[in-house]
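Two complexes follow with subunit A in common, the first pairing it with subunit B and the second with subunit C.
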Partner chain A sequence: MSLEAPSREPLELLTTHDRTLDAPDKSNRLSSTKTGGKMVADYWENIFTAKERGKHVVWYNGTALNPIFQAAGLEWCHGEAFSARLAAMHLEGPAQAAGEEYGYIGELCSYARTHLGCAVMTQKGITEKQNGIVGMVDQEELASKLPSPDFFVNAYAGCSTGQQWDAMTYRVFGKEFPIFNVSLPMIWGNKKDAGYLRGSEWEKTPLYVEEQLKKLIEFIEYQTKKTFDWDALSENMYYIKRASELRLEAMALCAAAPTPATYWDWVASIAPINFMPANQALVDYFQGVKDEIQYRLDNKISAVQNEKYRVYFDGIMNWNKLGWLTRKFAEYDVAVVAGRYTHDSFWQEPQLIDLDRPLLGMAQHYLICPINHGLKIMEELLIKRCDEYGIDGIAFHSTRTCRAMTNPQHILARTAETERGIKSFFFEGDVADAAFYKDESLESGLVAMLESIDQQRARALV
Partner chain B sequence: MSWYVMGVDLGSTTAKVAIVDDQGAMVGSKIVQMGAVSQEAVRVAMEAALMDARIHQSDIVRTISTGYGRKLVPTDKTFTEITCHARGAAALFPGVRLVIDIGGQDSKAIAVDQDGLVDRFAMNDRCASGTGRFFDVLSRALEVPVTDVGALALEGSDGLEVSSMCATFAETEVISLLAQGAEKDDIAASVHKAVAARTVGLVAQVGKASPVVMTGGVAKNKALVHFLSEALRLPIEMLDEPQIAGAYGAAIIAREEYLGNMASGVADVTTERELGAALSAVAVPHCAECATGHLDGHTHGRAISVTIGKRPMADLPGPVA
Partner chain C sequence: MQNLDSAAFATLGAAAADPVAYAQSWKARNGRPVIGSFPMNFPSELTHATGALPVIIQESRTTITEGRSLLPEFYCSYTRSLADQAAIGELDVFDAFVLADHCVQLLGAVDVIRWAKPEIPTHFAQFISSMDDPWSQGQVIDKIGSLRAEVEEIVGTVVTAEALSRSIRLFNENRRLLREFYDLRKSGRVRITASQMQTLVKSSMVMDIQEHSALLRDILGALEPEARENGQTAPDSLVRIHLSGHFCAPPRPELLDVIEECGALVVNDDLYHGFRYISTDVPEDVDPFDALALWYLDRNISAPCGTRVQRNVDWDSYLISSLEDSGSDGVITLMAKFCEPLMLYYPELKKALDGRDIPVLLIETEHEGVAEESVRTRVETFVERIRRNKTAVPSLT
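Right after this comes the complex of A and B.
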C-alpha cells in the first residue's frame, strides 16, 4: 500500500457539543425537582442576610451536620454545596480565580478551591496588597455574598483535603474564628467479620464519633451562649428520617425498566437531603418526587425515550454539566439509573436513625460516606446496586481533583466486569471545574462501552 | 453475484479504507496521509481502494466508518475505533488478546476476548503524551524528520530522565537536555522509553495479556515497539500493515451487518451494534414483573444477591418471555 499526499481540504470538525445540541432531547426530567430548586435558592438568599438578622453563622464541609446546627439556631453554610451551586450556575470562575490568586493550586479539590475563593472574596474591604490577589474580583459577584463565619466545624470522612479544608479557611480568615474538628475514621473493612453495616469495627467506631458529636454540641453551646435544644434535634431527625424513607422508596421504584426517573433527578435532589432545613417542606418535597415517579409508572412514562441501556454512574457529579450529561446519555438511549454519589450517600440508611438517640444514627451515617469505606465494602455495595437496578454498564467519572472518589475506580471496574460481566468506561471531568472535561472523550468512551454491551447481548442471544 | 463492503477509518492525520468481499477476504485497501482531518483524503483513499479491488462504488453494499473523523464520512453507520481496531486486529492476527492502538491523536489499550470482541478498554486522557502527536513534538524539538526518530532512538541509550506525563513539557525537557549537551539519539531513546512507560499504564487498566498486537501508525515505529515490548516484558506481534486494522475491522462489521446473521439463522458470526439495535425490542430489560405492576426494587427477573460470585453470560440482560 503506497502513501501519497492528496490536496488538503481541511474540514471543520463537528464537535460533539454541536451534534448533541442538534439532536432531539430524549431526556424527560422530573418536574417535581423544580420545587427543590426554589427551596435551595431561597435557602441561600436567606443565608446571605444572616448577619443582618443577628444570627450566628457556621461554615462546615463534608458530612451533614446541619440538623445539629438547625437545633442550635445557627445559620449554616456547607462549602461544597455552595461551590456546587456556583458551578451549576456557571458562576464558579471568579471564586476559583480568587482562590488560585490567593495561592491555592489548580489541582486542589475544585470544591475547596471555589469555597476558599469565596472565603477570600467574602472579606470585603481587604486590599489587593493585603490578600495578594492581582486584580481583585468584583465583590458584588455571588461568591462574595456569603456571610463571614462565626466559627468553623470540620467533620469530613474519607478525604484528606476535606479534613484540612476548614483549617485552610480558618487561616484565610486570619485564625480569628474558632474551629472544631470531628474525627471520622475510615471504615476499613479489613476484619474477618467486616462488611457493610456489620462487624466489630462497625459496632465500635460510631460510638467514638457519637462522643465527639456530644463535644461538638458543648462547643456550640459555648459559642452561642445558649443551651442546646435536644428536642429540636430529635424533631429535625424525624423529618430527615421520613424524607430519607420517601427518597429511598422513590429510588426503588426506578428499578423498573424503563425507568421513570434517572440518576440526574437524584442529583437534582441532593441539595434538599444534604443540607436543607429539616422540616415538613423537606418531607413534602420527597413525597412529591415519589408521587410523580409513581404516576409515571402507572402511566408508563419513561425518563429516557427508548431506554436501551441501564447505566450506573460512579463519581461525584460534574456540576457544570448536569443538564448536558442528562441530555448526552439520553441521546444514546442510556438511562443512568443509579450511582455511588446519589444512592450510597445522604441519610441512605434511615433505619439507623433512633429519635431517642439521634447522635448515634448521625454518627453512623457520617461514617458510611461513600468514600469512607475500604474496598471490600465498596465492591459489595457496587454489586448490590448493579443487581438491584439491572445495570448494563458503568460510567466512571474520573473526577480530576477528587482522589478520594477516584482512587478505587479501576478496581471497581474490574470487579463489575469479572463478577457480573458489566462493561464500563472512564471519562475525565471534575466537580466544579469544567476545564477538565472534554465532550469527545466522554462520547468515545460511552459509545465504545455501548458497542461492547451490544456485542455481549448479541452473543448471549446467538 | 459477488458483493463488497467498505470500512473507512478517518483518523486525525490519515485516511484508511479497506474493502472486503462477501467471503470476508480483504480485496483492496488504501492509506492516505494528510495533515488534518480531510474529506478529500477520504475520497482519494476510497477511489484508490476501489481500484485496488478492481470494483466500482456501485458494488459496495454497505460502508461503515470509524476513527476520529468518522462522523464526517458519508457512510451507513459509524463505530468507535475501539471496536473496529479490536475486530480488525483479531481478524488479522487470530488469537490476539491485547490490542495497543496508538494513532496520531490518541492511544488505547483494548483487551480482546477469545472471540475477538472487546472485553475491556482504556483510552489516554486529555494529554497527548504517548500518541503520534508526541513523536511530532519530539521530531520538531530534535529537528529530525518524524519518520527518522525511531531509527535514531534505536542507536541511543535510554538513561536520560524524561517526563512521560505531558507532550508539551516533554518538548521543554528535550530542549533542556539538548542545552545540557545530551546526544540526540540518547534523547530519542529516552523519550521512546517514556512513551512506552505511559502506554504500560494504559495496559495496566485493562490487564496484561498476550499475544499483543499493535495497530495504528505509531506501530511502524520500531523503536517504540522495542521499548514497549521491553516494558511489557512481552513480545509484540506486528501486522503487515498496522494502520489498516481499524478500516478492516469496520469492513468486517459491515459485512456481518449485511449478512444479517441473526435474521438468517446463521450462527457462526456475531455482529455488534446493528444486531443490538435490531434486537433492541427484546434486549431492553423490560420484564414481566414490570408489566404486572410489581415495581418496587425488583431486578427484572434476576436473582438478588449481594454475595459476589460469577454470573454466567446467560444471566446477562436479555429478553423476558
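Right after this comes the complex of A and C.
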C-alpha cells in the first residue's frame, strides 16, 4: 500500500478581480463608449470642486431628476451612480467600511450602504473642518470626495428602501440640510385594463407625480433663491429626447444576428443617459455609438466571436464584475444582447416627452422604472424583449442585496419557459459588494443552460 | 404579582397559534367572507364595516418548502412564508387580499400570491410613506376611497358612514383594552410575559373584534381588584427591558421566553405585534373615512416607524422617551433578518442609546428560529452587564 499523498494542483485562491481568464478574449466591445467613460470621469472631477466654485449641490437618489437640477443651475450627485462608480473602480471598500463602522449590516442594499458610508465620511470631514482638524479623513480617498449637500431630493420608484435610505442620509448629516420627497407610486396593475403604458392606473398616476414635480421646482427656487428656468428645462429635455431616440435606434440594430454590440456596451452607456448633463455632447455620444454599430453591421463585425447563443440579462448590474462578465459570457460563445436594466430603463419611451409639457413625460418615465411594475407588466416586457432580440436563454443575476430587482425573477423564469420555451439560469452576485459574487455558480449554471439549449436545438432538427 | 392564566386566554392563544383554523371556523359559523390584509397599516375597520372578517395574514410556523423556489432566500422570513403559504394552499380560506403598504419584499410576496391564486382578488392601494408632505393626507384619503370601492365590490355591500363609525368604535375599544394590559405590565401590578402579550395582540389581528374584546374583558375581570389597583411590583433583581423592532411578523414566543428566563423583565415594547399595533385610535369626531387617513398619519407620530419617512418625527427620540416612561434599563432590538427598514434605522437607534449610556443588544431572527443557547448566552451577558452597572461601586476619584 502506498502512503504517498495524492498530488493535487494548488487551488486557485485569487479573487476574480485579480485573475485573468485563461481563454482568449472573444468579446469585442465598442470603442465609442470610451468617450462616455471620459465624460463621466470629467463629470465627477467637476462635482468634487463644486463647493470651491460656489455652486449649490443636491444629493439625490432614484430617478433621473437631473434635467430639473441642470435647469436650476445646481450640481447633482446621484447616490447610486457614485456607489456604482466606486464598485466599478474597485474602490468601494473604504465607504463600505465607514458604513459598517457606523452600524449598517452587510445584508443591506450595497448601493445604500456604500453611499451612506460616503455620507459618513463627508460628514466627518465637515465636523473636522469645523473643529479645525484637517486631513483626518483622507481627502485622496475617492469615497470621501463628495461635496457636502445643500439639500436632498428623493424620488425613488419601485424600491421602498430608496426613500428610507435618503431619510437616513438626512439623519447622518444631523438633519442640517433640507430634504424633499417625490413619492412615486408603484404601477401595480390591479385593474383588468392594466398593462404597459395603458389602463386607468397608467393614465392617472403620472398626473399626481407631475404635480409633485412642480412642488419640487418651488422647493428648489426657495433653496437657491432663483427663479426656475423653464426654457432651460425644455431645452434639456430636447437633448435627452434626441439622445434617447439615438440610443433606442442603436439598440434596435442589435436585433441582428450576430449582434454588433452587447448588453455590456449598453451598461457602459448607462451613466451618460442616466445623469450626464443634457447637451449636444450627450447627443453626439449616442450618435457615435449608433454610427459604430451601423458600421459594424455594414462590415459584418460582431461583438462576440462565433456567436452561438443570444442571452437576455435580468437583474441589476454587478458593477464589480463588468469586465469579467463580458469576457466570461463571450468565452462560451454567448452574446448577451439585451437586459431589463439597460433596455427597460433610462428615458426608454422618448415619444412620451413633450417639450411643451416636459414634467409629464418625466413623470411617466419615472413610473416606468423597471422595478416599479407589478408582475403582469414585467412578464409582458420580458416576452416582448425576448421576441425582439431572438433570445435563446436568460441569465438571472440573483442580486443579493437588491430585493427590488430580484423580486419576480423566479416567476419570470417560469413565464419565459412556459410562453416561449426559453431556458434560464440563476447566478449569485451583487450590485456593489464583490463578496456575494460566486463565479462557480455562474459557470455551472451557464454551462447547464447552454447544454439545454443545444438539446432543444437538436430536438428541433429531428 | 398576578399571572394571566384562564380559559379566555387559552382561546386567544389558540387563535393566535392557528389563525387559518380560526378563520375557517368563523367562516363556517357566519357564512361571510374572510378578507386577508398585510402589515402594517391596512385599516381593518374598513373591511369589518362590510361584514367580512378582517384578518392580518401571519407568518406560518410551517417550514418553507415550495416558497423557496418563488422568492429569493435573501427575503425576510415573513415574505418567504407568505409565498410558501400561497403555494401550499394555506391561504385558500381567504376570499380576497388587500394591502396599503409599500415594502419591496412584501410586494414581491403579494405578486407571488397573485400569480399562485389568480382567482382571488388582490387589491393594493399604496398609502404614501412620506408622511409630512402637503399632499400626504389627500393622497391617503384618495386611497381610502379606492379601498372602499374594492372591498364593497368584493363583499357585495355598501360601506355606510354609520357602519364604518361602528367598526371604528369597536376597534378603538379593543385597542384601549389592550393598552390596559400594557399599563398593568409596565406598572408591575400584573405579570404578563412578553409571549403572553404577543398572544393578546396577535389574536386581535385575526379574531372577530367583538369576540376578542369580550375575552379581554373576561381576563381583566378575573384579575383580583387589589392587584389591578395596588399589585406588587417585580423583584429588583430582574432587569427591566424594552423590546424594539421586529416589524410585520411576531418574533417566536420561544425567543421571548428565553429572554425572560435570563433575568430580563420585559416591561414595554415597540413591536408591531405589540404596542406599535395598538398605539393609535381612529378619531371618532370626524368623517369616518377621513378618520382612517388621519389614523394612518397619526400612527407614525404615536409610534414612529422605520418604514415611514417624516422630517419632524424620530423613532430614536420616541424610544428614549418610552424607556424613561417604563423605567427600562436596556433595549433588546429584534430584527428579522433581511428587514431593510430596520437595517437602515438601527444605527440611528444605537447612536441615540449609546449617547445616553443605555445598553442595547441586537438579535437577528429567522423563520427557522435561532440557536437557543447562543441567544441565552448573549442575553445573560447583557443582563449581567446591566446589573453590574446598576450596582457599580463609586470610584474614589
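Just so it is clear, the second predicted complex is superposed on the first by the 426 of 462 C-alpha atoms of A that agree within 3 Å, B and C clash if a C-alpha of one lies under 4 Å from a C-alpha of the other, contacts with A are read in each partner's own complex, and residues count from 1 in each chain.
Basically, contacts are C-beta pairs under 8 Å (C-beta built on N, C-alpha and C of every residue); 3 or more make two chains touch, one makes a residue touch a chain.
Everything quoted here is computed from the prediction, not taken from an experiment.
Enquirer: Output check: A:438 vs subunit B and subunit C. Expected answer is one of first, second, both, neither. What do you get?
Expert: first
Enquirer: Have a look at where A:258 lands relative to subunit B and subunit C in the superposition and call it first, second, both or neither.
Expert: first
Enquirer: Touch test for A:310: subunit B only (first), subunit C only (second), both, or neither?
Expert: first
Enquirer: Per the contact definition in the header, classify A:380: touching subunit B only (first), subunit C only (second), both, or neither.
Expert: first
Enquirer: Taking the superposition as given, does A:109 touch the first partner, subunit B, the second, subunit C, both, or neither?
Expert: So A:109 only meets subunit C here.
Enquirer: Output check: A:457 vs subunit B and subunit C. Expected answer is one of first, second, both, neither. What do you get?
Expert: first
Enquirer: Look at the residues of subunit A and decide whether subunit B or subunit C touches more of them.
Expert: With both complexes superposed on chain A, more residues of subunit A are touched by B.
Enquirer: Give me the intersection of subunit A's contacts with subunit B and its contacts with subunit C, in residue numbers.
Expert: Overlap of subunit B and subunit C footprints on subunit A: residues 398, 410.
Enquirer: Of all residues in subunit A, which touch subunit B in the complex?
Expert: Result: residues 1, 3-11, 13-14, 19, 249, 252-253, 255-258, 297, 306-308, 310, 333, 379-380, 383-384, 387-390, 392, 398, 410, 413-415, 417-421, 423-426, 428, 436, 438, 441, 444-445, 447-448, 450-462 of subunit A touch subunit B.
Enquirer: If you look only at subunit A, which of its residues touch subunit C in the complex?
Expert: Interface residues on the subunit A side: 102-105, 107-109, 112, 158-161, 163-168, 170-171, 175, 179, 181, 183, 185-186, 188, 190, 208, 211-212, 215, 371, 374-376, 398, 400-401, 403-404, 406-411.
Enquirer: With touch defined as at the start, can you tell me which subunit B residues reach subunit A in the complex?
Expert: 29-41, 44, 69, 71-72, 79-83, 115, 117-123, 125-126, 205, 207, 241, 244, 261-262, 267, 270-273, 275-277, 279-280, 283-287, 290, 293, 295-300, 302-306, 308-311, 313-314, 316-319
Enquirer: Applying the document's contact rule, which stretches of subunit C touch subunit A when the two form their complex?
Expert: 69-72, 74-75, 102-105, 107-108, 111-112, 114-115, 122-124, 126, 128-130, 133-135, 139, 306-307, 309, 311, 314, 337-338, 340-341, 343-348, 350-351
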